[in-house]
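One structure below.
Residue numbering begins at 1 within each chain, and the chains themselves are lettered A, B, C, D and E in the order written.
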Amino acid sequence: MAEPSPHSAPPTLEVRNLQTHFFTRAGVVRAVDDVSFTIGRGKVLGLVGESGSGKTVTGFSIMGLVDPPGRIVGGSILFQGRDLAKLSEEEMRHLRGNRIAMIFQDPMMTLNPVLRIDTQMIETVQAHEKVSEEEARGRARDALGMVGIPSPDERLKSYPHQFSGGMRQRVAIAIALLHRPDLIVADEPTTALDVTIQGQILAEVQKLCATTGTAMLWITHDLSVVAGLADDIAVMYAGRVVEFGDVGEVLDAPLHPYTHGLIGSVPSRNKRGEPLRQIPGMTPSLLKLPEGCSFRARCPRAQEDCLVMPALHDWLPGRLARCHHPHLDEVATA
Amino acid sequence: MSAVVGQGTPVVKDPGAKDKVETPFRRFASEFMESRLALGGLVVISIIILLAILAPFISPQDPYDLAVLDIMDGRMEPGSLSGDGSITYWLGTDDQGRDMLSGILYGLRISLTVGAGSAFIACMVGASLGLAAAYAGGRTDSIIMRIVDLQLSFPSILVALMILAFLGKSITNVVIAIVVVEWAYYARTVRGTALVERRREYIEAAECLALPRYRILFRHLLPNCLPPLIVIGTMQVARAIALEATLSFLGLGVPITEPSLGLLIANGYEYMLSGKYWISFYPGIALLVTIVAINLVGDQLRDVLNPRLQK
Amino acid sequence: MQATNAPRSFSDTETPMVELRGVSRRFAKKLDIAAKLARRLGASVREEIVHAVDRVDLRVRKGEVVGLVGESGCGKSTLGRIVAGILPQSEGEVFWNGENVAAMQGEAAKIGKLRRQMIFQDPYASLNPRMRVADIVGEAPLVHGLTTRGKFDGYVDEQMRRAGLDPAFKRRYPHQFSGGQRQRIGIARALAVAPEFIVCDEAVAALDVSIQAQILNLFMQLRKDLDLTYLFISHDLGVVEHLSDRVVIMYLGRVVEEAPTERVFAAANHPYTQSLLNSVPRIGNRKRAFTTVKGEIPSPLNPPPGCHFHPRCPHAFERCRVEVPVLREIAPGQRSACHLNDAA
Amino acid sequence: MSVYLLRRLIQALGVVLAMSVIVFIGVFAIGDPVEILISPDADQMERERAIAALGLDLPLWQQYAIFLGKAVQGDLGRSFVFNEPALQLILQRMPATLELAFAATFGAILIGLPLGLYAGLKPNSVGSKAIMAGSILGFSLPTFWVGLMLIMVFAVQLGWLPSTGRGETVEILGTRWSFLTADGLSHLLMPALNLALFKISLVIRLTRAGVRETMLMDYVKFARAKGLSPFRVTFVHVFKNILIPVVTVTGLEFGSTIAFSVVTESIFAWPGMGKLIIDSINVLDRPVIVAYLMIVVMMFITINLVVDLMYSVLDPRVRLESK
Amino acid sequence: QQVLNMGVGSPVTSLDPHYHQLSPNNAVSDMIFDKLVGTDAAARNIPGLATEWRAVGPTTWEFKLRPGVKFHNGNDFTAEDVVFTIQRLPNVPNSPSSYAAYARPIVRMEIVDPLTIRFHTAAPYPLMPMDMTNVRILDATTHANAATEDFNAGRVAIGTGPWRVLSHRSGDRIEFERNPNFWGEAPAFQRVNYRMVTNDATRTASLLSGDLDFIDQVPTSDLARLRRDQNMRLSETVGLRLIFLGLDHLRAENENSPFITDHEGKPLGRNPLRDVRVRRALSMAIDRKAIAERVMEGAATPSGQFLPPGTFSHVPDVQAPAYNPDMARRLLAEAGYPNGFRITLAGPNDRYINDSRIIQAVGQMWTRIGVRTAVEAQTWSTFVGRAGRQEFSSFLIGWGSNPDGSHPLRNILATVSRERGWGASNRGRFSNAEVDSLLTQALVELDEPKREQLLIRAQRIAAEQVAVIPLHIQTNIWAMRRGLTHTPRVDELTRAQDVRPAAQ
């Protein structure tokens, strides 16, 4: 996370020490507990981490869509310099779908099954701009065209169930693009899709980012997607960002032992037929996180001092890691 | 075949693994307890069931024994002393000189028997047929489901009326009538759930393990169809009690000499205008409390057992 | 333990452990009286038939790991189920150690079935939520007489340990385990009936990367320890590449290509295989432009005629639209179903 | 669509036929109408004459065959008691019952939907807890009891509403309706409320459950993520989805509303079909019982069909062909 | 007050006066039509459309018709209409309970002049005037081809009576208008709204709330309240309906009666009810006063016979049996049942006033003398069929008599005989030769005092033999708002002409 130089514009999004907790009967779930990262204009940040590490909650926190019993309890979310965490619901509503858009994971569930596509698109246009229905329809048609849906005029009159998963996800992306937002939060938008369809969508997203200059937070657990798509990467573990940096650098020479293990366990990183490198143990429950570094119990490098929670420290320029004993040695060899 | 586990596959240990085994029942129970209202309902039902079971021992009078009733004690106000001075009618008497308190306690017995009995039998019949339909599929399925449709396409109260008109009055016949009316709900519910459950992979796994069919049906499929069954079961108990009351009101319920709550209400109902409220008021309260309590419990069960609302 | 599972070589002459010959599976929605009547009256109704698996030949030799790859709905699971004996085929024959499964009787049939086990995709749905782990694992052995009531505990413990589970957990219920642990329970359950052949249907797809590695390692370990044979169904090419000796690629119910693993990844022949390989993001490929296969996957309800892939194929020509290509050997151990091979 | 309708038609025919057999045998088994209908001082000769006059001297299957033959021509027999065609008798009374049932159903939706919506949107508020508690009461109170209480309070004690009967009617299209006159409405209010009570609870619960379930759906969250106003999210995205179960269930319940009007009608002396059937059962007026049940079955079938069609209108995912 | 809102408890099923013998139908017919012989409130014959009648020969009755009577549509009433009416009686299609019986004794009709008609019978027939109190006269021209539906639709509900039908909504209400040309006393109201409110409690509630001015079949449970209410008036009279217990006389002395066992539930091997001492004991064990006061709330008079005092052929010296449980026990012991036995008492629960309550009360009383009684109440439709098939050992039933002892004797106490048409409702199969012979004589005796003596003797024997156990005669009760008066009728008919504004 390079310090923004004083004369350049603020980054599109800067999340600092974000904390979002769920106050359940069983106790406080620290779903997001100290997350920080920055996304510059037109950049793609890949947010990776295992299931339950708090990626989605981070996304919803940015959108201001954390539902009770969840609440943002700390930190700031600076969007073009404004702290979203401090905005009123009404102000937030004006940003949502307008300046910040979101794409959800499951394309089968994100569109309202009983409303036609045009209704769902036009209402989005009209929610933020006073335009005639005709004009809104025109915008919707253009957006559909942009994501590569053939004969958008006809398609507007369809219901979601008449589309395949890939098509629906494209509609969702089109809806996100309606107001040419400055930031798109994409929560695993291709995970539910087939490989070839995922390829199509990724290609389109790449093209769009390049043409519109929109910044993108791409949430996924698939390191290979991030590798191909993102500029920067943030790795989450148990509600915290444990590593942040340029995609290439991080993937080639991860600092944090967790990132290290994660990348190591990707099959294609391993020699065929040989046992995969694996991280022993499993992710701890967010309800009762161990004291100190939450990765401690699974970490081969853990030592006494790991009983103290490490801070996200920039060990190298633009390379941050939350670890007392990062793999600095390998950076040198890489 | 060695059972050696290499270091590549470490045994997963979980601290505190041995202390408490959270059975599905226990988990369900703790979730159920979360609603104080439902807990209250459960307590009330327990008390009511206890009262009903103990009725012969705690009620001042055997309201079914014509020898101890005296019409000269008929329609006495709550708190009156019987003609021979032997008992105090705390809740008054009905037209036959029947102690209302005893009548209500015994009436609870009958209402609960009818309600629970008919719900239970209907559940057994309906669940078996529904399960068979879902598992066998094909022709069996469509025959059973057509019968269910037929049954459901017919207003329950009319069916019950017809059956009772045909069979005559008795507790058994009321139970039969309610079973005939309600089995179809169970069958449909179980079939619906079973159709979903039987596509789940654990059933395939059981088939893959070449387990006998009955075992798959009753050990794997049935237990997983239970939650919705329990929910409609409780609700249907309440419904059955209300239905019995209505049938009694329409003159086709249990015999007059063994009055259920419904019949007590129907009897006393004629006295409402003349101010002898207690003859139907107290049984009415008893009926209401019972049904409300059952519904409260059923309601919470529905929430707890609903997979879609499960956390 | 640094044993390498170097690719083995197999002779074509030995009897395959599992062989499918011309196996098809159709799912049909039959017309009822009303629909038939309506058709007679001129309404345009027809039977809807899904050719989930369409004339597939497949051989798996003892000790081999065969990867089965393809996109959603192409019939991988259906094929896996047929092999595991859960689902009967509509046509064709399945052989187990050279014996026609359909002809097997009584005890032999049961043993044959038990020898082929399956591990399922969804770790949450594949365990009966109302049974304790001990019962899930031990039920079948007990029923089939592989163990007795007296030895039950020890038997279950052994299976659990082998799958990397602490036997202390055996009185627990599935919901008390994480996804990876559940998958281990599923594995223990399958191992408990002493199988020789295991169908893994997307067995790691639902798991996190770090857990996925644990399970994959377990599979490989077991293969070595117990001399198991796998049919490994997956849509994750990376996993398949890592694990299998041979890869079979399916598209809309048909096998389009089949080859040893290195060969597939080095010299894929079928255009579908090629585009599949191209679309897969690789961790090694940084900031690259994704290439795309055009078009959507067609519905298996009415697949395109001829070669199913032709509407999306960049090389399609006239013949592809009308004639179904046959699977032909194009290189040693490599077979492909594409008309381009004839043209060449 | 045509296949679907055809299928429903065939099913309906089967159901009606099966029903007619069951009903015929059932009604036959209940008792001998002659015993009830005949004057107690009628001697044996008169008795035999009556039996022959009513066609009860034939074997059951012959009676059924005759019935079926006539039924095909739209004649469901003549009432023993009224000496009028049973069908006509029932059709005469149907408007009163329909009026009552419609009033109850619409009332239930009008009252239940907003309450359920509120309870679903604010599940933890005191108001919604009160609503839910109230709805359990509504479920639990026996209809007949509530009916009498209503009369006691609103007619006898307060004198606000007429106690029983149907009010003034206006003739439209050959049938008489009372909901168009003030007097008629005032008569309709209490019985409709009585009948609606259970449905109100039902609608409240359905709505609440629907809202709670729908609120958890991704598409609702997505709607919010689009920046839509809470109003639009609730009343377009959520509402349209919960309308589906509510309409389906209330539609299906419409049949049972008609059936349950038996109780309400007899309490409020409402001259509808429900009262007719109770009276007919009491005097074993077989043709009326059979005709009533046949009509009810057909009504149920029609209602179910209408509900299904409505369902497909409301929910575009449901294509009738694929059912 | 121009409009009278009446609420009746039983539905009127047809406006055809010859379709179905049913009190509610008869009441409405009495408002629309007239009979040759009318009956006053005490059921005594009074001139109707006939001004006088007499037996002009042993087999000939002559009726003089009232002159100047017009039907509602203006047609004149003549002897032709009488002939037409009598001929129509057996020819009403589908009638389940017809009036044909009243036409059967008449073998020939003779029109002497337009206002005189003679009925010829095969044998002497003393009951002719009473029969004529049941036959409503139709118009030969208007009703020539009228079907029941035409009456029900109101099209031909045209008679000579005090009210004309304005509209009829079956099962709901009938609206009447005063017939300005009525030959008798002019009705007091311009319009009558005759509504059927079958639920007892709602009927009372409607009266209390003012929706109705007048109701019949007042539930006994509401009597106390209505008596107290300043704004309400009651009108009551002892009726003609006896509530009694039927006993099994069918099973011979050494046979088992179906619902009688010993205390262990084993069959007795004999039928105790064939022993008159047992029957007497059962009768004595019943505290009729308690039933009349407690169960019926005063709306009944204990009775030992079918007819109330003051009616033709009432037996003056037969009183309601006195309550004497000790004597009853003694009689039982004498008969060989010192410990009693078990019996089931059956009865309807929806037919007579408090029917199921009465059998429970009787059950209490019998149980006290050692006859352990189980009580079985069922709907009338089930009950009446079983009773008719002699399935019960003892049962409660009622009988509404014509005010002539021959009516109950012939139908309930006479030996069942198909040829004579006797014993139509003799469900206990009582049979006594002496009763039969007295009845035979009475049925052809034209001399009224002689006939009355024959009937009294027959009834006395039946009472001594305890053929049935009479309980009480119901009191007919109507209730109305203050400001109305009503002449209560023993025959239970609720007719608008009996209601008038009260004299201020």
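To be clear about the criterion, a residue touches a chain if its C-beta (ideal position, glycine included) is under 8 Å from a C-beta of that chain, and two chains touch if they have at least 3 such contacts.
Quick caveat, the model's predicted, so the values are computed rather than measured.
A.B. asks: Please tell me whether C-D or A-D has the greater number of C-beta pairs in contact.
C.D. replies: Here the pair linked by more C-beta pairs in contact is A-D.
A.B. asks: Return the chain whose centre of C-alpha atoms lies at maximal distance from the corresponding centre of chain C.
C.D. replies: For chain C, the chain whose C-alpha mean is farthest off is E.
A.B. asks: Centre-to-centre on C-alpha atoms, which chain is most distant from chain A?
C.D. replies: E
A.B. asks: Rounded to a whole Å, what is the gap between the Cα centroids of chain A and chain D?
C.D. replies: Comparing mean C-alpha positions, chain D is 54 Å from chain A.
A.B. asks: Hey, how far is the Cα centre of chain B from the one of chain E, in Å?
C.D. replies: The mean C-alpha positions of chain B and chain E differ by 46 Å.
A.B. asks: Measure off the straight-line distance from the CA centroid of chain D to the CA centroid of chain E, and report it in whole Å.
C.D. replies: So the centroids are 38 Å from each other.
A.B. asks: Whole-Å distance, chain A centre to chain C centre, using C-alpha means?
C.D. replies: 32
A.B. asks: For chain E, jot down the residues that touch at least 2 other chains.
C.D. replies: Expected reply: 201, 205, 208, 350, 379, 381-382.
A.B. asks: Using the touch definition from the top, which residues of chain B touch two or more other chains?
C.D. replies: Answer for chain B, listing residues that touch two or more other chains: 8, 10, 12, 165, 269, 272-273.
A.B. asks: If I count partner chains per residue in chain C, which residues reach a count of at least 2?
C.D. replies: Within chain C, residues 1, 180-181, 214, 217, 221 contact more than one other chain.
A.B. asks: For the complex, give me every residue of chain B touching chain D.
C.D. replies: 37, 146, 149-150, 153-158, 161-163, 165-166, 238, 242, 245-246, 249-250, 262, 265-266, 269, 272-273, 280, 284, 287-288, 291-292, 295-296, 299, 308-309
A.B. asks: For the complex, give me every residue of chain E touching chain D.
C.D. replies: Contact set of chain E toward chain D: 11, 13-14, 16, 19-21, 93-98, 100-101, 147-149, 152, 169-173, 195-199, 201-203, 205-206, 208-211, 350, 379-382, 384-385, 388, 399, 407, 410-411, 418, 420-422, 424-425.
A.B. asks: Write out the stretch or stretches of chain A touching chain C in their complex.
C.D. replies: 50-51, 164, 166-167, 194-200, 202-203, 206, 221-225, 227-231, 247-248, 251, 261-263, 265-270, 272-280, 282-283
A.B. asks: Where on chain D does chain E make contact in their complex?
C.D. replies: 30-47, 49-50, 53-54, 78, 80-84, 89, 92-93, 96, 148, 151-152, 155-156, 159, 162-166, 266-269, 271, 275-276, 279, 281-284
A.B. asks: Write out the stretch or stretches of chain B touching chain E in their complex.
C.D. replies: On the chain B side, the touching residues are 66-67, 69-72, 74, 95-97, 165, 168-169, 251-252, 255-257, 269-276.
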